[in-house]
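Starting off with a structure, shown below.
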Amino acid sequence: MSVTEMFSYIQGFLSAEQDIREDIRKVVQILEQTAREILTVLQSVHQPSGFKDIPSKCQKARELFCTVRTKTGELKTKFPAEQYYRYHEHWRFVLQRLTFLAAFVVYLETESLVTREEVAKILDIEVDREKGFHLDIEDYLAGVLIMASELSRLAVNSVTSGDYGRPLRISNFINELDSGFRLLNLKNDPLRKRYDGLKYDVKKIEEVVYDLSIRGLAKEQETEGDK
Amino acid sequence: AGQKADDCVNSDSPVIGAFKVFQRELDTKHDKHERLVKISRDVTIESKRTIFLLHRVTSVPDFENILNDADVKLDGVRQKIGQIAEELRGEDLHQFHRAFTPGIQEYVEAVSFHHFIRHRKLISLEEINARLVFMKEDQTTKGGGEDVCAGPCVLTFQVTPTDYLLGVADLTGELMRMCISSVGNGDMDTPFELSGFLREIHDGFSYIGNTGPYEVSKKLHTLRQSLGKVEDACYALRVRGSEIPKHMLADVFTSRAAHLETDDGIA
Amino acid sequence: MSVTEMFSYIQGFLSAEQDIREDIRKVVQILEQTAREILTVLQSVHQPSGFKDIPSKCQKARELFCTVRTKTGELKTKFPAEQYYRYHEHWRFVLQRLTFLAAFVVYLETESLVTREEVAKILDIEVDREKGFHLDIEDYLAGVLIMASELSRLAVNSVTSGDYGRPLRISNFINELDSGFRLLNLKNDPLRKRYDGLKYDVKKIEEVVYDLSIRGLAKEQETEGDK
Amino acid sequence: MSVTEMFSYIQGFLSAEQDIREDIRKVVQILEQTAREILTVLQSVHQPSGFKDIPSKCQKARELFCTVRTKTGELKTKFPAEQYYRYHEHWRFVLQRLTFLAAFVVYLETESLVTREEVAKILDIEVDREKGFHLDIEDYLAGVLIMASELSRLAVNSVTSGDYGRPLRISNFINELDSGFRLLNLKNDPLRKRYDGLKYDVKKIEEVVYDLSIRGLAKEQETEGDK
Amino acid sequence: MSVTEMFSYIQGFLSAEQDIREDIRKVVQILEQTAREILTVLQSVHQPSGFKDIPSKCQKARELFCTVRTKTGELKTKFPAEQYYRYHEHWRFVLQRLTFLAAFVVYLETESLVTREEVAKILDIEVDREKGFHLDIEDYLAGVLIMASELSRLAVNSVTSGDYGRPLRISNFINELDSGFRLLNLKNDPLRKRYDGLKYDVKKIEEVVYDLSIRGLAKEQETEGDK
Amino acid sequence: MSVTEMFSYIQGFLSAEQDIREDIRKVVQILEQTAREILTVLQSVHQPSGFKDIPSKCQKARELFCTVRTKTGELKTKFPAEQYYRYHEHWRFVLQRLTFLAAFVVYLETESLVTREEVAKILDIEVDREKGFHLDIEDYLAGVLIMASELSRLAVNSVTSGDYGRPLRISNFINELDSGFRLLNLKNDPLRKRYDGLKYDVKKIEEVVYDLSIRGLAKEQETEGDK
Amino acid sequence: MSVTEMFSYIQGFLSAEQDIREDIRKVVQILEQTAREILTVLQSVHQPSGFKDIPSKCQKARELFCTVRTKTGELKTKFPAEQYYRYHEHWRFVLQRLTFLAAFVVYLETESLVTREEVAKILDIEVDREKGFHLDIEDYLAGVLIMASELSRLAVNSVTSGDYGRPLRISNFINELDSGFRLLNLKNDPLRKRYDGLKYDVKKIEEVVYDLSIRGLAKEQETEGDK
Amino acid sequence: AGQKADDCVNSDSPVIGAFKVFQRELDTKHDKHERLVKISRDVTIESKRTIFLLHRVTSVPDFENILNDADVKLDGVRQKIGQIAEELRGEDLHQFHRAFTPGIQEYVEAVSFHHFIRHRKLISLEEINARLVFMKEDQTTKGGGEDVCAGPCVLTFQVTPTDYLLGVADLTGELMRMCISSVGNGDMDTPFELSGFLREIHDGFSYIGNTGPYEVSKKLHTLRQSLGKVEDACYALRVRGSEIPKHMLADVFTSRAAHLETDDGIA
């Protein structure tokens, strides 16, 4: 084989890979678009009027997750299954965003932590790597941490909207989450950094609860609500 | 001075001949670029000053005067933008875009700030562009007669959607400052109004997300921080406000406090 | 002059500058030490017990400014007067701190804004660049802004100490300061950032005044105190 | 000795050092894990229910310190005693965390500042460098500053839990700490930065005391408690 | 128009632009591929054997320029003509490469500098902006500078191939080019940087001429050649 | 499943991965050590005396490649085969170095370009991803480019050692390599950058050939050698 | 003075500085333009024909220095004399270029090193900082080093033009310069880097002298020329 | 001055008491650190000056004088290092290592440069350390009698392998400069000697590779560049040298050239 033949042969390999990346990029772009639409729907819960119809917002978001599922379905077909980690960087970011959105919907609906299994089901992907296109565990955790930060914002805005009970419930939830993370031996740098941010969310929410408490607003609600 | 240097250069050479032509073309372009940069700087400075001026509305009783003063200032800025339009006549706007984009963004920031204060609404790209139409009464500068256009000549300047977005993104920083100042001046309503408005802009930007140009994405973080500060301020107002009725009743100085309340403002 | 002589001569210049920087650094270090001592003296006004003897604290601080003056006197001699801006970075930070301390003392004494002339006098330096070692205008402004932040803390603590009149007076003072700064077209980045911080100080003080108002505590004091 | 021999000889030094570092890293990892467990135990004091059984939590934490002592014992054997500072960076961070945890336990038990001697005893290490593996003074101080920040959080949360006396006591304690630190001529950058953070803790706690004070909640407690 | 409508409206603009950019990118990629093929054809003039059939190489290159012309034709249709500079960055690099290749072909054929008009004709684009898709003057100049660097290589390799006359002719040509560039008031950074590189090419070629001259090889040729 | 259980379960995953990375790192470290030893052996060809016994040096290098094969064998067992790209970054660098060394040995032995198959055989790994631990094509290309740069150094040093024929042969080889690379449509950033460096190697070697040629040293050798 | 007046007054200062920088930039731009024209005049000495009328070229260059003097005269008036170092970066580069050009003219005229005094006179500025706008010593040295590099080029080209005596004289001159620089304990980074370049100039000139020597061309000239 | 500040602090407080102790400990440490930084700076400056001085060997005929002068300078530097050793007596060397490592590295660079010029060999870590043994005749500073050590007290300073490596890595830069200067001065032998020596050091460093500390790896690139420059210089000398015999014969001025050759140097 001459040098020229060798290089022509090599060119074939390189082109194939570039095509795959191009394909992946296109699907991911649509996923990002849909994720942004879901976000727009959910962000309205921060508005004073938004607190009333949380269920209908969750409903809308869940509908948009259908589009997501179609697209994750396409994504799987774009590259050889065993090369997940070769192209991981392409969808890593959007999967974290989608996990955050799924977790947020689930929290708004049931005030509980979405499991990895549930997220996988919402996105119609796998939990186990062996079974196919899956949700990497670190991406799941990153998504959960993004939600924690959104919840600290929700605690603030629910007070503004006159809902004095929610912050306390968020505070308990976030504290539990924090304990959970403390069990992990995180080394991975970006995840670790995100986790360090959780401390600020915890503190912020505690201060909201404090503000309510010192003015006797927390108790008042408790007796009223008793959810 | 150029004359002497030229002596040393073989002027018969076709290469040199060609480069003399290039020199003219490049210099013309650079000069135009340079002029546009300077006008843009003036636009930036005057827009920034207008913004500074507008911030005074939170501390003085009669803000109509300030709005009018600001409008006069902005008229001056628009005249400058007219000069930009003049320079761009017949040119590809995008070729010199880098020269004047900072100024235009700052103008969008100033004019949208002004618009918000007066109308409590986001100014649209069309509204901005509608005020950037310039009439040139006599076209005597070029050609003798009415060769370019019959009657008064109309010159327009089109702000690009990207510049509009970038200006609006910076506007949110000013809105945040205004919100904090309002709280500092005992104004209870403006912060809530600002918070809703800022939230709408924020949601708009997150809808656009990273499909916009890179510079827009870069500003998202600051925008989010500004929104957070405004939301915190509203939260604080609400929490504080919650105490009035109870303590009013519990307090010995009920009447004075009531008096304060009718004043619709504090201190 | 031979090439060799010329170069020996040049070497002299190069060494001289390095020596100057070393000398400046030494004096500045002592200035920083003294600034910290003055701060410790003044910090105690935030404590309940500290409100009583503000005058004696200011007195002590003013004594410590003697040491400062000795050192600024030394500083001037360390470099050619017309090269102020060549070495500006060395003393910029400490001059801002000292301006803050001088402004704080003057405020505690007379509840008024120290002028640049007064600071210059307290530090025994000049106001006009032409006359010698001077206080750069941006450094003066930075020092004033540090004080504003200290005053917002004082407003909070004076309530704790039962002094309900001071917050209102601080509020008026800070508002005036804020109006002053609004007149400036600040472009310079670090100063602009500091100025943005002033808005938060104003806000904090306003909240204190509000808290006193709704409880009628502000007025009560006014009639009583009339200082 | 040829150049090659010389480099082989030096390579020996370098390899030995790398092995030591690897050993140290392993022990430190376990120390970090244990520190995280202690933290989880102590974190619960921030919760409304947690205020009741502080003593039992401190007890649990003290038990976990046994594991710590075993591991610090191992750590000492991993490198030549006189090269403490050569490998300092490896355990610096975890020793600061452990100092914080020890200081927090002691504060919760006695509301006093743990001494360096006490920390050293809890960790079963030395105070004096000459005597063996010791607690560097700057690490001790860093640990104390971490606790200060935890106490500002505790002040907030104790109000939520209805304990209105604790914030005032914390405020006094922190103020004393702040005065202590101002005596120090800090040059070291990271410690200095941490100390700069103390200002925010002081301010936060002062604001909590202010909130209690303006509502007449602080005094009320004082007469009641008189601890 | 509500804020939401406004953002949807703007989103329309942004999407349209992205589509255009995608289209442009594809055509440019093929242009780059063709440019690389032309380069491969012309590169062989540096080899000892390559000096013989320069004309046939130029011929082959000129044939490949047909493909280029087809693609520049397509490129023009991908975006609104008056927005040339909006998308300039996409084709800037490849137009400079193609200018270089055209200039190199023309130099090899006639030992003269290609004019901007000639390049435009070879690429089937315009010289004047008003007339349509054109060759920006700075891109033309950049292409010429790339050729200058290639000529310095050619000077070296022509000596290796035993052609002692060419370096002198190249030297004269490059000197003329250098004088031409010195007439320009370059401000633009990347072009300025490229021009700074011309100094090294001039110097290198001068050294080749020097090498020939000191060995009496330059003169020898002159009398022989007299082209 | 409680939050705590969920996180404990997650911790299991994270630990497993960290262990794998640790194992890989250890093997890679030894591979790097061996690569450095091979390099030391081969680098001696640059020494004046080194030109004599190139065959024996290649021999020694080939022996050291046995150790390499043992270690690549171990490496394969350290992680699930289908997760090659998950851990790619760990061995990417050393595989490029080893490719360079194998290519250099082959060049010194036969003055021809090593194929990917040959490198794979020397390292006892696969060419096809499907068959197991393989040599990624971009890593192969990167290794070849490192060799090109080493050859430009060899061209210089062989002249110093009095071998005037080698540079010409290297020049031809490098030119062929350059043509090969020109066939590739490189997008990958780091590889593209390396390839840009090849231009300098080509130029450098051409200048060596030029220097020999102008002094009549190249021809002299040619007639002598006629290899 | 009211707070408002004070701040208006301050605003004046801030605007003034910006205006000064703008003014300086404009004058410096013209200086750069003129420097380029002088360079064009002097560059022609490198061409075969250029050697004949060096005196007339120097004459022309000296005339252009009149324009320079007019502009340095203007420059001085643009800022307060004692703030030279505040704005130094603006004119640093052009002063180095002008020093180079002045040094080159003087060398061409008298084959001696221009002194700082002479440069100052040619540019109509001062040597002593105390007396006004001056030539900083490091800028003078940088300019001299630029000239050294131009002389190495001149040595090469004078051989091409058949002037075999000049390289030897340049060699002596440059060696003296090198000795001079060796006396300096340079610490300053950019200057040190430039000085390292001088070694290459010395080396290049030595090679030219060597080439002439082994061909007996150097001596030949000496007896002939004896200038 | 400290007194006054103390007045405001409650000195009964155990916290304050403890911090006063901390203050003493920290100040002692900081002062020592500061003193070491200053000595280290002096060591750096004097070492750099020695290197500058040593570079003159390529341009003067009698380089023995320069070597002796340099040795005197280095003796001065060693005295300074003696002061460092004095400060470190009883301390953990590594605690203050950062304070004096720049100076020590520069000393290694200077002393190994000196050693190379005189012996054409790489100085070993042992040879360096052997000259860093300091005798203190009387130990009257501490204690009355001979309590610390009987007779003259020996104080040693140990350069760490890493500092040695870093100094040697910098040495290669100086060797490169020396090589270029040698060529510039018509010295035909030194460049070849330097090239061989530099290659050995380079091979040594690539043997250590990235197992050494990070700072060493960082210097590898510069080292490689220096080696390249030296190899290029040797190459140029060889190529040039190749012309002598032929042109000698071919030339009319054979005798003069021959005369030059016996001079064992050019120009």
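Points worth noting:
By written order: A, B, C, D, E, F, G and H. Residues from 1 in each chain.
Here is the rule we go by: a contact is a pair of C-beta atoms (placed from the backbone, for glycine too) under 8 Å apart; a residue touches a chain by one contact, two chains touch by 3 or more.
Being a predicted model, the structure only gives us computed values, none of them experimental.
Path length between subunit D and subunit E in the chain contact graph, taken as the least number of steps between touching chains: 3.
Just one of A-F, C-G or C-D has an interface built like that of E-F, with over half of its contact pairs in common by residue number: C-D. Centroids of subunit E and subunit H (each the mean of its C-alpha atoms) stand 50 Å apart. Annotation: 62 Å between the Cα-based centres of subunit A and subunit G.
Between subunit B and subunit H, the centres computed from C-alpha atoms are 59 Å apart. For subunit A, the set of residues touching two or more other chains reads 179, 183, 185.
Residues of subunit H in contact with at least two other chains: 9, 203, 207-208, 211, 243. Interface residues of subunit C, counted against subunit G in their complex, comprise 1, 3-4, 6-8, 10-11, 13-15, 18, 80-86, 113, 115-116, 129-130, 137-138, 141, 176-177, 179-181, 183-188.
Subunit F meets subunit E in the complex at residues 175, 178-179, 182-183, 185, 203, 206-207, 209-210, 213-214, 218.
The touching residues of subunit D, when paired with subunit A in their complex, are 33, 36, 39-40, 43, 46-47, 153, 156-157, 159-160, 162, 208, 211-212, 215, 217. Subunit B meets subunit A in the complex at residues 195-196, 199, 202-203, 206-211, 228, 231-232, 234-235, 238-239, 242-243, 246. By the touch criterion stated above, subunit H contacts subunit D in their complex at residues 9-10, 13-16, 18-20, 22-23, 25-27, 29-30, 92-95, 97, 122, 124-125, 161, 164-165, 197, 200-201, 203-205, 207-208, 211-213.
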